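Some structures to go through are shown next.
Next come two complexes, and both contain subunit A; in the first it sits with subunit B, in the second with subunit C.
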Partner chain A sequence: MKQLTKLSITLLTAGTLGLYVPAATAQTDEEKGLAIAVEADQRDQGFVDSTANMKMILRNRSGKESIRNVRVKTLEVTGDGDKSLSIFDEPADVKGTASLTWSHSQKPDEQWLYLPALKRVKRISSKNKSGPFMGSEFAFEDIGSQEIDKYTYKYLRDEALDGTDTFVLERFPTDKNSGYTKQIAWIEKERYIAHKVEYYDRKGALLKTLSASGFEQFLDKHWRPTQMDMLNHQSGKSTTLMFENYAFKTGLSDKDFAKNALKKLR
Partner chain B sequence: MTTARALLAPVTATLGTVLSTVLGLAALPLILATDSHAVDWRGNVSTELTYFPEYSADRENWKSRASIAADVEIFHDFSDEVTLTVHPFARIDQRDDERTHTDFRELILTTTGDNWEFSGGLGTVFWGVTESRHLVDVINQTDGVDSVDGEDKLGQLMLNLNLFRDVGEFQFYLLPHFRERTFAGIDGRPFVGALVDEGRAQFESDRGDRNIDGAVRWSQSYDYWDVGLHYFNGTARDPLLTPVVSNGALLTQDGVVVLAPRYIQMEQVGLDAQGLYGDLSVKAEIVGRYGDEIDNHVELVSGIEYTLVGVYERIDLGIVAEYLWDERGDEATHPFQNDLLAGFRFALNDERSTDALLGIIQDLDGGATTLSLEASTRVFDAHRLSLEARHFANTSDDASFAAFRDESFIKLDFSYFF
Partner chain C sequence: MLRSYMEWLIKFRWIAILITLVVIGALASGGRFLSFTSDYQVFFGETNPQLAAFNDLQDTYSKNDNVLIMLEPADGKVFNQDTLQAVVSLTEMAWQTPYSSRVDSLSNFQYTYAEEDDLIVEDLIEDAANLDQPALDKLQEIALAQPLLVNRLLSPSAHVTGINITFELPNLDAANEAIEVVTFLDGALEQIKQDHPDIRAYKTGVVVMNKAFPEASFKDMSTLIPAAFGIILLGFLIFTRSVWGTLGSLIVMIMSIMAAMGTAGWMGIVLTPPSASAPTLILTLAVADCVHFLVTFFQGLRSGSDKYTAIKESVRVNFNPIFLTSLTTAIGFLSMNFSDSPPFHDLGTITAIGVIYAFFLSIFFLPALMAVLPVKMATRSGSAKSSMDGLANFVIKYNKPLLISIGILIVGLVALIPKNELNDVFVNYFDKSIQFRADTDHISENLTGMYFVDYSLDGKDPSGINQPDYIAQLEMFEKWLQQQPEVKHVNALSETYRRLNKNMHADDSSYYRIPEEQELAAQYLLMYEMSLPFGLDLNNQINVDKSASRLTATLETLSSKQVFNFESRVQNWMTDNTPDLITEGSSPTIMFSHIAKRNIISMLTGTTLALILISGILMVSLRSVKFGILSLVPNLVPAGMAFGAWALFVGQVGLAVSVVAAMTLGIVVDDTIHFLSKYLRARRERGMNTEDAIRYAFNTVGVALFITTVILTAGFMIIAQSTFLVNANMGLLTAITICIALFVDFLFLPPLLMLVDRDKSEDIDTSAELVPG
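Moving on, here comes the complex of A and B:
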């Protein structure tokens, strides 16, 4: 009896190995795409929290600019989506307005808006992913927390993008409320950071291109762009995001990302 | 000449009050600027023009009114734990002396701990979830002269303790000084058909406006629902208005019936809840009001808001429907005993943050119809242009709206923000 058991285990182990080895050598494009996304995600884990000042420059088709200034704070949540806070400083008529998002990987995100003139905290729908953020060319889903579960992936090819070796992969949003059918991302091989993303609308046509540049490293680990340019090919409008004063591990905690904290923000 | 001086006297008196407040305001940042980095402020100065297409029941000989207002919120950090908020407001109105007024919306010191917060001073607190009427929002008195929608509030003297726990947020209020509602004067519009004489205010409480009111609230957020429960014991914010009888006849001023406000004591228990299911939001506010001088009764506002994202290009359309009810029916002390609000909210999501809200409130007992349009857009970089239009229809069928027959108006507001 004992011998039989031992034999079975040996057979089982061999079997598992036998199945595993060929799968590894013939990794599908989907598996390779996912593996790249997982690697990029893992390399950025452990930032704990971060804060930055974000300046948005909105340009219409004739080149007229309007400026937004937002302070952004993020709290890393292990095992679920991150929590984030945006505090609006400019334009002056929205000064003091703040939005709080608790993103989740398994259930819908929770989102609140603070309206300072009314002292009112209003719960708002997080389903509106495709809508423009502050009238810009960035949709809410473009600037939200990028969780692995929010897409399925497919590796396309290796490509040199302006002299940088990149993996090119497709991402398909799993949320049916996404404004996109797919995105194509250029991920740098060395640092696993996205240099360029193309967004395809619900009809499958190219809608926008995002270019990230001026990467800086923080805590010897986390790479962040200092500039992101989004060009809308269909409307001719564009938006530039400039990031300043990045700070990590600033000591933020859950209570800074609580609903009741919104009223006290300045 | 005598008439002109008599007319000007109250204006100059109120102007004096406004000026002293404005000067006080100007000095405040200097007083506070002990550490210039710790002082933060925001505010706006607005110019408003209102046009009434009809004369007011042959009472007034004017159709347009100008007004300017300033609203400044100054915030000072003494440390991470202790903060001061100073939030004065002032308005000067061309026509109505009662509308020319000043108020501290906030003048409050707050200390913050790890999971608690304690404040003392004049504060503004908002409770609630619905759009058409705010039933549970019982802490602050309405500043009735600023706008007709009741969204403007007077600062309330309070001691407030908030506790933040896993089971929810607990708020405790001690409200030692009651603020009377402000009412338009004899030259105010929209004219409500009678003049409320604040000098004749009566109180059920022996302590008058020094009755110590109290309130407790618990609120919590769940995955799909935000829920709040509260209890209030004290002076009702809504006064009962009764005609003043003098020598066996109704007292009038310039041919207008004079009303005296009476502030009763009441207990209020209430629930507010908002559920969010994708683009559908479900809202309800329910209160029970109990007192010796009112019929114990229940009032309700409940409805939905459904958002159609990107209905045309970047434009979002929100559809709002709310039902307003008062158990007392015709005996209710307000016009919303059985009414329906239908509203359409447009957000253009453009670089000017243009939005508009079109609303209709219909009295379902065959009464008045109120149509409203509110729209605003950003101009230049720090200015906002807003339009508000209200039209009162079918007023002859509704006693509480009869006076609004000729009071429809269009208001343009141009505000500079800083």
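Moving on, here comes the complex of A and C:
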């Protein structure tokens, strides 16, 4: 079964979203881009596990809003992609629905969904992770675990973004089912966190811009945004994600991220 | 005043010509800002309620400007390797189309099925090159069982298939976006044609229609304008027998058009097919001014005057009539600004400006030009005077029978006006020489309709679309719509729920029904949404808080009357059966269906105002309230009779016809002005009795009226050849109206004068003549 994709709602890693960057020496732009990504990844290693509450605010072109609430848990996996769990609290009719994602750096991600109304765990078999997450402007691939191997990189330039010194990188998805041809990320030089990402669609046109803000540091090491805003330039729709109650090293284990654990979630 | 102006003009004729060239050049230089629109929405004013409703719906869901490409394999089989490979590669290419946001095709149709506890969501067709016959048969069986595909992207006999591309056009550069899209797709289709020579491609959709507007405008401008120039110049040459006069008129016409179009450019007007017919209108109307000036000028030359004297005399005699007729014509055209449809504002404004320029040119530039050109005329005794006597005597002799018989004809034709049916088919705005029309007809016959109506069905509360009651009513509506004869396809969320319910129960077909609990529905949808790829999500069908969903009914090509009928049937059915969901449908189809009616109502105000203004001008210029009121008959009756005749021979009126009354008013009034002013001059100045004054009027302006009518009719008959039906009908009806106007002026007005103005010359103020001529 070559089912790939899976939404990994690793919101946590979403925080990392980007890359953290190493000061690179004389090398090609591709090498420098990769080096920045690797450094960013390494800087966030060792968080073990984390939990947070995420509120999604969806807006359509005329400004009408809708809110969804999700709890997210992530388990760091050394040597492979992270595992993540999303438990839906709102809207009420999907309360208790939970998705489990095992992201992988080499092979396709795996994903299961527990539907309380059906009392069954269903595996989602789809190559696609490029569609909108819960109707929002975020695709799974935007908020899923950002494994190094999922992109190739190219350093573009240094740039001051609203007074912050950043590296500007291009990254190109390696998955042919990605919704994007490329992304451009602005990575802060000091902390190696992504402040802004532009997403370019299949025809190379600017589709969306993500802005991350309100970064907080946890365990004296891990930086996480408290707010992420995604604007779709083509449809005029936007989505804001707000994160609360970040917690790290909460004692989660593989058991909590097993397929049969989904039914027992509260 | 006029005399010293003429002295100056003759003396400084070179300076006058120079000034004209500079001013006209400056005005015309605005032409570089002109562009052709490619957005059908320009036909709707900002306050148009149907436009507002549709834009509101598009803001809630997504825009649905689209291009539908139909592939027709020569062997009539969609499910063979060649055709499917073409579908796959065209789908890939379609994603590259500028501004595209979604591509739906047979190959990327998200086929869902169950495999134990897995929900498989995948493209229906992936590796078309490696499909053997059993696999192709299996695919055909699966595809023909998909309600979302059949009659939308696949014909029931699987002989043609469609690829639908949805766009988010930014509408920043309305003139070019549609062209960019269609140019790109034409390139892609060229590629398909090379790789798959046995497959023919056709395209329709809103964006293709948008692109057809500049195409039609351009075609009209490049064929009709030269034709109008050719015919009118030829006629001019025959009537005046003067090469120099014809050349002078040609220059006046060209300068009027260039200056008016340049002014439109300075004003930032974007051309539409209606306003693209302005040059032909200006050309036609400018001729009349030149005719009046030159005819008098040549008469002077023939009777032995020297050139300068003849020029001065002609300007003296023609200044007021040309001024008045230009003014009334401009008022008639300006009243088109009351139209509900902005392209007609532009047409009216540009033409009015052109008419004003033509006035200035014919009393300033043309005399100066004639003064420098070596114009010669052989002197000739006698005149064509007697030529109209026969007609005058006939009319006078049979005045009572004419009055009665034409009176009956008028009443009869006017009584027929209500027989005209409001009936527009907007696809048929374009004639079959426009690719869009031909392709749309073919696609409509083989695959699906270009018309659609969207319904935003409100579930009241957030997540309301997951409630069993809502889904049940949605399904009822969906199924009822499918039974309607004009409906080709219905796309409703209820089908997605049924399919997912089946998939979630191991593809057990007994579960192919809507889920019975809200939680089930909500969780199915959540899972499904998580499985969909980029661009194929449900956001175009569901609003953000899931309180409403969009149902799209695809219809065959309908007339506005049929659309009204469909609409009211839907409303009645919903009131009786799904009262919670009741809503108005919304779409370009609905917008175009209402536009003619809205336009006629809005033009009533404009026409009335123009009529009041023009009648007022007539009263002042004729110095008579009585004749001002009497003039209403020859001014209004022609349009009334023309509409009656239209009811008799055509019977269907649309957008085009709504502006004709106002437009023709300004033109036909010219005949009335000329005829009545001559008649009154004879009565007042020369103390003639009614009969003699009628003969005098016939003899002084009869020929000129006949000539200008022939020229105007020729001009409008050329517009009637437009590839754009709105223009064609407008041209034809205007030509009919103008001919009827001459008929009324010659055969009905004189008997009418004999009835109401019979030898009571003491009533008439004989002291002055306002309109010389």
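Just so it is clear, the second predicted complex is superposed on the first by the 239 of 266 C-alpha atoms of A that agree within 3 Å, B and C clash if a C-alpha of one lies under 4 Å from a C-alpha of the other, contacts with A are read in each partner's own complex, and residues count from 1 in each chain.
What we mean here is this: a contact is a pair of C-beta atoms (placed from the backbone, for glycine too) under 8 Å apart; a residue touches a chain by one contact, two chains touch by 3 or more.
Quick caveat, the model's predicted, so the values are computed rather than measured.
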| query | Aligned on subunit A, subunit B and subunit C: do they clash or fit? | reply | clash
| query | Now for A:Lys203: first (subunit B), second (subunit C), both, or neither, which partner does it touch? | reply | second
| Given the touch rule stated above, what does A:Glu110 touch, subunit B (first), subunit C (second), both, or neither? | first
| Taking the superposition as given, does A:Arg61 touch the first partner, subunit B, the second, subunit C, both, or neither? | second
| said: Touch test for A:Gly135: subunit B only (first), subunit C only (second), both, or neither? | reply: both
| message | Quick check for you: in the superposed arrangement, does A:Phe88 touch first (subunit B), second (subunit C), both or neither? | response | second
| said: If we overlay the two complexes on their shared chain A, which of subunit B and subunit C does A:Lys127 touch? Say first, second, both or neither. | reply: both
| said: According to the stated criteria, A:Thr97 is in contact with first (subunit B), second (subunit C), both, or neither; which is it? | reply: second
| said: One more residue to check, A:Leu118. First (subunit B), second (subunit C), both or neither? | reply: both
| request: Mind telling me which of the two, subunit B or subunit C, contacts the most residues of subunit A? | output: C
| For subunit C, which of the listed stretches 328-336, 490-498 or 652-660 runs into subunit B? | 490-498
| Can you pull the subunit A residues that subunit B and subunit C both touch? | 58, 60, 66, 91-94, 116, 118, 120, 123-128, 130-132, 134-135, 177, 179
| remark: subunit A residues touching subunit C in their complex are 3, 7, 58-62, 64-66, 88, 91-94, 97, 99, 111, 113, 115-118, 120-128, 130-135, 139-140, 177-180, 201-203, 205, 234-237
| field | Touch list for subunit B against partner subunit A, complex | value | 40, 42, 44, 73, 75, 77, 83, 110, 112, 114-115, 117, 124-126, 151, 162, 164, 169, 221, 223, 226, 274, 276, 278-279, 281, 307, 309-310, 314, 316, 349-353, 378, 381-384, 415, 417-418
| Taking the complex as given, what residues does subunit A use to touch subunit B? | 58, 60, 66-67, 91-96, 107-108, 110, 116, 118-120, 123-128, 130-132, 134-136, 177, 179, 255, 258-260, 264, 266
| task | Show which residues of subunit C lie in contact with subunit A when the two form their complex. | result | 56, 58-60, 62-63, 95-101, 115, 117-122, 168, 462-463, 466, 504, 517-524, 526-527, 529-539, 542-546
